[in-house]
Amino acid sequence: MAIDKRVATAAEALAGVKDGAVVMVSGFAGAGFPNALLEALRDSGPTGLTLVANSATHPLSLTHTLIEAGMVTKVIASAARGRGQELSSFEQQWRDGKIELECVPQGNFSERIRAGGAGIPAFYTPVGYGTELGEDKEIREFKGRPCVLEDAITGDLALIRGDVGDRFGNIKFRYAQMNFGVAMATACTTTVAEVREAVDGAIPPVEVQLPSVYVNHVVAVGGEV
Amino acid sequence: MAIDKRVATAAEALAGVKDGAVVMVSGFAGAGFPNALLEALRDSGPTGLTLVANSATHPLSLTHTLIEAGMVTKVIASAARGRGQELSSFEQQWRDGKIELECVPQGNFSERIRAGGAGIPAFYTPVGYGTELGEDKEIREFKGRPCVLEDAITGDLALIRGDVGDRFGNIKFRYAQMNFGVAMATACTTTVAEVREAVDGAIPPVEVQLPSVYVNHVVAVGGEV
Amino acid sequence: MSALNRSQMAWRAAQDLPDGSVVNLGLGMPVWVSNYLPVDRDIFFQSENGILGVGPQADEDSQDRNIVDAGSRRVTLREGASVVDSVNSFAMIRGGHINVTILGAFEVASNGDLANWDARVPSKGPLVGGAMDLAVGAKATWILMQFNTKDGAPRLLKTCTLPLTAPHCVKRIYTDIAVVDVTPDGFVAREILATVGTDELRSRTGTAIAIAPDCQALNAPEISL
Amino acid sequence: MSALNRSQMAWRAAQDLPDGSVVNLGLGMPVWVSNYLPVDRDIFFQSENGILGVGPQADEDSQDRNIVDAGSRRVTLREGASVVDSVNSFAMIRGGHINVTILGAFEVASNGDLANWDARVPSKGPLVGGAMDLAVGAKATWILMQFNTKDGAPRLLKTCTLPLTAPHCVKRIYTDIAVVDVTPDGFVAREILATVGTDELRSRTGTAIAIAPDCQALNAPEISL
């Protein structure tokens, strides 16, 4: 049968997300947030989620709406500080012990997710050694440099945003929109990509940045270029 | 000063390669062999080289000319079998104990080179466990799956072939020409790229496949598209 | 009918590839599988050198030296294809994103151990390529080979005698006289050539082989080599 | 002259960036450094979100939400720029491909330990971002900060009191009253503001600080904030 991974709505693409799922959310520095998918996930209402997102509190990402809705019990992130004087919803729940936080250096974060998608169960890195974030990790020296052992991160569902998607599931991003999207798609059982535009034809082979094999559903949601 | 990494000849780009250097050579399956650079390296004549190349014996690569010239004392490769009935020059020297061979599964090969360029000193992988190529390696189980510990490979010089280069050192490949070129460029102190065409302007940002930071010299050598 | 020829063996394996799957075909007979897909299957063939979506071999006049498969054959790109470098190609393979790999083999053991990379030809160099990565990384490893060696020796054994590619990886074996599953209880014949009785099959197998209760006759249409 | 203002501090650090280097600038004052490059320097600024070749901030009418730096500022791409995903961006950072990173700091110890990621604000979530990766991965880590806290407490200490970003990573510190090297023998002042005597400098430092034999006067042109 001809492959067509396009679905009409974010809600359709996200039907059946289970309580307790590990959900990865792309986006960094204002680019690549899958906000239409995050809205649909919030509306569908699974609970006990683990969120893997670079920031738990970026004001331009709707990640915080899942947290405010009480759907999240664990966050793995490199940034979890609200910008205002008042505590963010994340900070309040974290302080109250309702959300567990694993704070990870951003490069270990991206590398661990990549490892999850690439079949690497664990790797050594000097980043984090000698810091609070490296505490309780196994330490080993390579060429005189102490390193910590970091394990892969995998997930059940990746929510990413691209610019253009095709019916095969190929995705093209716009500039820095790419950030964590590629790695997260490789590391999750199911990947849903929201895109500005879903095309009938195929994205030319040399322009594909995320190959079709990593994408299960493509949802066109419009939005600015 | 305005950056311009283009040099006129392969010989110029390869001046001063030291005896005993670890040299990585891109190319796989007929695509991406930096044969103009290999000719120039053979002519410049350093000895005691370690070659890191997917194949020591691919008939379309001039890698074998370095071996025939007696310049190579070690090879790290996933393929080292000559195609003919007669022994290849590599096989003869390997059998005679003149060349040491480290045979590596191709995925471990690419991943170890990538690790070398990415600051990862070592990683675990299930590939090679339980085989001759995993012998004498440290073994550890992750989620019930035994893995071997593989260390990074780094080099002094990467020789790669691309399609188009610019004065900044950005490289664009043509389809499967990319293969090991990107990873090798990241893992070596110095990278020389031969390209079909070196342009005066810049390759558009979204078309760059190997960013300028990884390339030291660009040599236009022509050749077919 | 008499024993399947190589084209018929490839045809038989092709019938079982799931619609929508991503498949890597090993060098030699396995690449022929793509010629015999049922019309209702839309499948992406991946090649280790980074192409996802290998199409038919290129015509003489549309060949491109940089559009090749891992066997250096000049191929085409199908609609929806994409191209990545070797690192990402093997991340795809090793990360469990290939549904099925079909490989040749010298020997398979009843516990799923595979020996397909080194036949121990004296003085010839080793050639492992991506065999270990594929056998370990693909979700399912199928074997396509003659049931016996040219000398009539069994290839289905209790323990492999040749160097292992990977332990416990083979799920199914397509041969000229039978289709055999590798189960936790060892070999189970699923299809046997009508002219080969179970006694003959057992006599040509190097260890115990069970006959499935619903064992069928192995059939294939007439296909010339 | 009086203590350097923040623009002048950024100017001073900018003067030392090597021509042709690749530089990552931290959030806050460090990003100002790119405004004050000497005209003879052609430098590529890298941003953690994947841009190599960050140009000036975008005009109101040429902004693109997907061309941003790690601080979410809408920027431009310089000639020769390229864009990669977060995995490859951090591979670039962690693999030793960034010549210099200029970061803010809370404290620096005389052995080069850096504390710049967590000021321990009660109930606020942690935010590490790429700080640890940059401090560990860049070939040189420079710090740009006020010599003392707002309360007049020293930031140059024998041992950091705040959580470490990385041990032994800082090479040089640019401040409002001095430029200080971190050497195997501890802090060495290279430039001191003329109106600040060595006694005052010592009194404002939390541990021993040597004065370089060729110590110069710290100077900067008039620049308004």
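As written, the chain order gives the labels A, B, C and D, with residue 1 at the start of each chain.
The rule we apply is simple: contacts are C-beta pairs under 8 Å (C-beta built on N, C-alpha and C of every residue); 3 or more make two chains touch, one makes a residue touch a chain.
Keep in mind that this is a model prediction, so the values were computed, not measured.
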Other chains in touch with both chain A and chain C: B
A-D against B-D, pair bridged by the larger set of C-beta contacts: A-D
Geometric centre distance via CA averages, chain D-chain A, whole Å: 29
Averaged-CA centre spacing for the pair chain D and chain C, given as whole angstrom: 56
Intercentroid distance (Cα basis), chain B paired with chain A, Å: 33
Euclidean distance of C-alpha centroids - chain B vs chain D, Å: 35
Junction residues of chain B, two or more chains touched: 111, 114, 118-120, 125-127, 175, 205-206
Chain C: positions in contact with at least two other chains: 77, 83-84, 90-91, 94, 136-137
All chain pairs that touch each other: A-B, A-C, A-D, B-C, B-D
Interfacial residue positions of chain B with respect to chain D in the complex: 1-3, 114, 116-120, 166-168, 170, 186, 201-203, 205-206, 208, 211-214
Chain B-facing residues of chain A, complex: 111, 115, 118-127, 142-143, 145, 147, 151, 175, 205-206
Residue ranges of chain D touching chain A (in the complex, touch as defined): 47-51, 64-72, 77, 83-87, 89-91, 93-94, 118, 123-133, 136-137, 163-167
For the chain C and chain A complex, residues of the former touching the latter: 19-20, 22, 40, 42, 44, 46, 52-53, 77, 79-84, 90-92, 94-97, 136-137
Chain A residues touching chain D - in the complex, by the definition given at the top: 28-32, 54, 56-57, 60, 78-82, 87-88, 90-91, 94-95, 101, 103-108, 110-111, 113-114, 125-133, 163, 173-183, 209, 224-225
